[in-house]
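You will see two complexes here that share subunit A, one where it goes with subunit B and one where it goes with subunit C.
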Partner chain A sequence: MPTDHLSTIFAALADPTRRAILARLCTGEASVTELAEPFEMSLPAVSKHLKVLERAGLIARSRDAQWRPCQLHAGPLKNVADWVEHYRRFWTESFDRLDDYIQTLKDKENKSGKQRHNELERG
Partner chain B sequence: MPTDHLSTIFAALADPTRRAILARLCTGEASVTELAEPFEMSLPAVSKHLKVLERAGLIARSRDAQWRPCQLHAGPLKNVADWVEHYRRFWTESFDRLDDYIQTLKDKENKSGKQRHNELERG
Partner chain C sequence: MASNATTSSNAAEFAYTRVLDPPRAQIFKAFTDVDELKHWWGPRGFQWVSAKLELRPGGVFHYCMRSPQGVDMWGLFVYREVVPSERLVFVNSFSDEKGGVIPNPWIPEMPQEILNVVTFIERDGKTTIHMRGTPINASEAARKLFESSRESMEKGSGGTFQALEEYLATR
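Showing the complex of A and B:
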């Protein structure tokens, strides 16, 4: 089981429902009932997801109000952004390589197209 | 179990050893034995991690060479960067709020310091 904070954050994000909950909380705080609505999920199932998000520090639940609304705490996502930033040049390079490869294929295609055309011309 | 690609990527990143393997592969391709060395891990344990990274599309293993070196494929990390980017303004806001809060504490501290000073002066 991962115990470091970054692993806990990544594990919390490794679920489409939890990411959808975070997206919903971008529009403002919400109760568990409100969060459960779009997912056709039981309240205990949603509560389980919220606990995972809470443990990762991605949401907080008010202790005061009776309906205990959930709020987005986006701070830990900065750690994710900082981590992934180190790899930017590598994915840029790999997309460049893909572009080069596609260009090579196109050049090849054009060349063989011209060759065929010349052959037809020569008849 | 998550089945969408982004969840698979996040799950693959939710482990410090797997992130360390990716970091090592930034310096160039490596064999399983080379990757296992710094972790004091058995080869099967490392192979298991490599399979998770491979399934997420984050590494690829050459089929040709006998030692089957692993290579970083950073492309999927662009999905992570794109996803997290949507939240940037939220963590910026939350750090701004933290700054405001720290400033309030400082102002309070200064005020009460001055008050104490004045009291002592008058005292």
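Showing the complex of A and C:
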């Protein structure tokens, strides 16, 4: 995916209305009228948002049916999500390891503390 | 995941908070001392091949890790702000042997550099580490997206994106 296409996807995702439309389409295809229902927005305004999403390759509109239902195309979105997930996993695992590492330091400290204590007791 | 950790993520930024027992000076050292970083930074199963670290604004942490499959991978931090025990700001990317920035080997089309802001707050002898990562040198559109998502998260209305993520997770 070339960078300019990625920018188009990011731009499409930057708008809360368009994100809500995508979320709605996760549950199945819908007509423009159905998609417009939750918003205080005219049909042409919603159509404009749909065009942005369509250009980004995030949705497709059927040419066959008269009501031209919109469908989600999750591929490009998944790329973005994969990337964030990848980064999240990297850091989560590192922080888990940091936790373990600090625990081993503590154990070592306790051990050497005990040793010193024993040595002192033995005189 | 430990109960003392929280994460949130969306296409815009990655935020992570974790509470650890030791005082922050000790945690800061674990973040900035190359011999300590080797013990925890990076995925499990990777071996350290080489690492050098200069802790100062403009200084770098340039390292190489070998994957369990035997592939060497170079990474780079470029430090922007260093406030001992308190705050660390650095740009993180994949790298080559010479210290140049290269694309993410798995998802090459994604932004290459991520700005990380890590803060260490000490309270009652425990340290809260908060980190936030956002891509930089991304397009203007990407930058806008990061801003809008942060806004919606701060207002507590990030729900739609969460629904999307849950959906994507099942794919």
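The rule we apply is simple: the second predicted complex is superposed on the first by the 78 of 123 C-alpha atoms of A that agree within 3 Å, B and C clash if a C-alpha of one lies under 4 Å from a C-alpha of the other, contacts with A are read in each partner's own complex, and residues count from 1 in each chain.
Everything that follows uses one rule, which is that contacts are C-beta pairs under 8 Å (C-beta built on N, C-alpha and C of every residue); 3 or more make two chains touch, one makes a residue touch a chain.
None of these values were measured; they are calculated from a predicted model.
Contacts of A:Asp15 after superposition on the shared chain: both subunit B and subunit C are touched. In the superposed model, A:Cys26 makes contact with both subunit B and subunit C. Once chain A of one complex is fitted onto chain A of the other, the partner contacts of A:Tyr87 extend to both subunit B and subunit C. In the overlay built on the shared chain, the residue A:Asp100 is in contact with subunit C alone; subunit B does not reach it.
Of the two partner chains placed by the overlay, neither subunit B nor subunit C lies in contact with A:Arg68.
Legend: residue contacts after superposition of the two complexes on their common chain; A:Lys111 is shown touching neither subunit B nor subunit C.
Of the two partners subunit B and subunit C, more subunit A residues are in touch with C. Comparing the two complexes, residues 2, 6-8, 10-11, 13-16, 19, 22-23, 26, 74, 77-78, 80-81, 83-88, 90-91, 93-95 of subunit A contact subunit B in one case and subunit C in the other.
Within the complex formed with subunit C, the subunit A residues making contact are 1-3, 6-8, 10-11, 13-16, 19-20, 22-23, 26, 74, 77-88, 90-102, 106. In the complex of the two chains, the subunit C residues touching subunit A come out as 1-2, 5, 7, 9-11, 14, 16, 18, 20-22, 26-27, 30, 36, 39-44, 104, 106-107, 109-110, 114, 129, 131, 133, 138-142, 144-145, 148, 152, 160-161, 163-165, 167-169, 171.
Across the complex, subunit B meets subunit A through its residues 2, 4, 6-8, 10-11, 13-16, 19, 22-23, 26, 72-75, 77-78, 80-81, 83-88, 90-91, 93-95.
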